[in-house]
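Both complexes shown next keep chain A, but they swap its partner, so chain B is in the first and chain C is in the second.
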Partner chain A sequence: MTELQRLREAFRSALDLPADEPVDELRYQDNEKWDSLAHMSLVAAVEDEFSVMIDTDDVINMSSFAEAVRILGKYGVDVK
Partner chain B sequence: MSVFTLSQASKEEQLVKELSALTEHHRARCEPYDRILSASGFTSASSIADLPWLPVRLFKTLELKCIPDDEVFKVLTSSGTTGDVSRIHLDKAAAAEQQRRLAATVQTVLGSKRLPMLLVDTKAMLKDRRSFSARGAGVLGMSTFGRDHVWALDHDGEVDLGAIRGFLDKHGDQPFLIFGFTFLVWLHLYEVALAHGLDLSNGILIHSGGWKKLIDQAVSPEEFRDRLRRVGLTRVHNYYGMVEQIGTIFLEGPNGGSLYCPDFADVVVRDPETWAELPPGEPGLLEVVSTLPTSYPGHVLLTEDLGVVHGIDDGDWPGKRFSVLGRLPRAEARGCSDTYRGAA
Partner chain C sequence: MNLLHPSAKVVDAATGETLTPALIDAAAASLKDQPLVFLPMPATVPAVARYLAALRLEKPVVLLDPDTDHTGLIARYTTGEVHPDLALLLTTSGSTGDPKLVRLSRAAVLANAGQVAESLGITGDDVAITTLPLFYSYGLSVLHSHLLRGATVVLERTGLMRKDFWDAVGAHRVTSMAFVPYQYEMLRRLRFDPAKHPSVRTITQAGGRLRTDLVTDFAGRMDAVGGRMFVMYGQTEAAPRMACLPSALLDRKLGSVGQAMPGGAFTVSDDGEVVYHGPNVMMGYAETAADLARGDDLGGVLRTGDLGRLDEEGFLFITGRMKRMGKVFGVRINLDDVERQFPVAAVAGDDRLHVFAEDLSADEARALRTKIADWLGTHVTGVDVRTIEALPLLANGKTDYRALEASL
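Up next, the complex of A and B:
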């Protein structure tokens, strides 16, 4: 699996979305599944998947799938 | 990076400007607020204490917001002792900003890394994810600052000693975060740690929620700190905040005994009869000011809590340091909001 596929999977599993649900355009709280409680599960899922530890500021800034891609770049994970 | 940097003189200069601008911003966008201010005869402020305050309970009786309906991103509610509910309207910008400022405030004592986190509460509280209690929302907000979260209480609210032990075995040898409501920390962590010899010496405790229940048990804030030290917990920070100024918390300094105001906030203690500002040492009604409420006119609020300023520019961090002494008896508090309701 590519990094992009792995990130999509992490989003779907943390947010309890169907396997074929497109997530690339997802934004925090635009989808009802992505609320503040799910956000902590999502952060944990992304951390586990890519073996990184995300700082507080980045947890707060991770407000969309695209932001997650950008933030992971800071931690040396090239998502594409 | 700290958000506790400004001396009182610099803060006064900066906040008068910013809060005066916010006052005008809100007046132009919130008609009931403008009417209240017109009735009060307010024109301009030359000090923080001059700024026109609203009684906090006004948010329970009036819809006060400065954004159009289609820009409302979140409506926060808090149930007060009266059963009435405050409704606080945030747009996207205000919601994001309050979270960032809260993070900056807490990071002053935690640093930028998220620490393993022991929550002195029960996950059952988050069961209904559509309507968290104020307690649930507080826990959830704070959980951003932690990782590998472990709940110290089980679903029935009983101490989960196994979970606490497991957490300490895994994370106890490095800094970790403990968060909980003051009374729960006392009852379900301190007493358990004491009874079972748990080592909490790498813990940083952040707690809130009022002292009333502890004072009923004859435990003062000083004794709370002293006793926690016996289970190794020396880094302890109480905080004071309210949903009507979401994102702003007044945080206890490293040496304890006082709450401090972040650079974007301040407190004023007022005589409950004359409303005049009281000098350090004299207890009165607590007013809280903050630049964060941009989507609703909550930047200058008279609370129903009694407080006292202990000193200015003479503590762990610059600015005012103060304590909250408890609630004002209800009958007296009603007087002030009636004044404003009449004006509105």
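Up next, the complex of A and C:
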């Protein structure tokens, strides 16, 4: 699996979305399943999947799929 | 009833809107003709104004989750006959089963606001921020206890996993925050460092048992900056807080929920049930509209349904539940209700529901988890589904829950 597929999977599993649901355009404020609990499991899933430890500021800033891609870049994970 | 100290302030973190006497007066005028107020309660200034207006007019208020449809509940409880002492009605039993209402008198609400304010030493210099819904008893008691002492309450809706929340903590110089166990898990993931939020002096914990390693962890973080953590114990039925363990004693009494708050007392019945005696105990439950006319059924004595013991200094240790109850993200659930709805055996974990079912495929387990979480109205991470070859049984043919709990 590519990094991009792995990140999509992490989003689907944390937000409890179907396997084929597109997530690349997902934003926090548009998705009712993306509440604070889902956000915590999303951060956990991303950290586990990519073996990174995300800083507090990045955790609270990770408000869209695109932002997650950008943040992972800071930790040396090139999502494409 | 006046819960509102003249110098208390309420401000919306997102809009800057503040509560004014004129807003409460206007809300009062609009409620004039209602004997009973059903109030969806988001954390907004207009909702708080309506709530305070209803209390001032001495009209009982039913506080409701603004994101849920309550047509059935409103139809069931609408009445013109309400008891004169009745001030506040809160739903209980979480999202499942019958939505019973807890009937709280004006005296009980005021008493508990005072007990909490005294236990925490709240003053007019304090600034609290909403971390929990205001229709939930612990969240509401944060509002009550701060308004009573002329403190400030910041209304924030995004929650502690968002940047806006922490920006509001800084901008309003928040001094006090209240959290339930799952939020302590979040704070740990956020690597919450009180040194980065120097205005914060006090954190409180209630809404279920917090693992003792997290109690020690967070008490240590607060202690390192000269701040305080309080472990508290309550139930909606007690308006809601009953016990408090101050941070200075956390070490010596680890695992305890503290002593009864001022004016209250605990006893333990012969069968091990924790019984609370105090001015903040509810009048009773309401299961029908006619019950809203009832007087005080309990006389200040609440059988909590919790099992526990008191040590020689009166510190309470909770050891379990009489009934098969669990909590998921702070919301009480009846495990027997879960089993009536789904073909599973259900046991309670720390703030999670664990269910066991025989011979499920991974896909079936996943689908069942989603269905149960939807039914409970909670996030899937609050539910754990495990497959088991055969459920363990006791000699009498009943499910062996101890064995299931031991396998977790």
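Observations on the model:
Quick note on the criterion: the second predicted complex is superposed on the first by the 80 of 80 C-alpha atoms of A that agree within 3 Å, B and C clash if a C-alpha of one lies under 4 Å from a C-alpha of the other, contacts with A are read in each partner's own complex, and residues count from 1 in each chain.
Throughout what follows, contacts are C-beta pairs under 8 Å (C-beta built on N, C-alpha and C of every residue); 3 or more make two chains touch, one makes a residue touch a chain.
Keep in mind it's a predicted model, so treat the numbers as computed, not measured.
Once chain A of one complex is fitted onto chain A of the other, the partner contacts of A:S41 are limited to chain C, with no touch recorded for chain B. Touch criterion met: A:D16 reaches chain C, while chain B stays clear of it.
Contacts of A:I60 after superposition on the shared chain: both chain B and chain C are touched. Of the two partner chains, neither chain B nor chain C is touched by A:N31. When both complexes are aligned on chain A by C-alpha atoms, chain A residues 35-37, 40, 43-44, 55-57, 59-60, 63 touch chain B in the first and chain C in the second.
By the touch rule above, chain C contacts chain A in their complex via residues 159-163, 165-166, 182, 185-186, 189-193, 329, 370, 373, 378-382.
For chain B in complex with chain A, the touching residues are 73, 96, 99-100, 103, 106-107, 110, 112-114, 126, 129, 140-141, 143-145, 147, 149. Within the complex formed with chain C, the residues of chain A that make contact are 16, 28, 33, 35-41, 43-44, 55-57, 59-61, 63.
Contact residues of chain A toward chain B in the complex are 29, 35-37, 40, 43-44, 47, 53-57, 59-60, 63.
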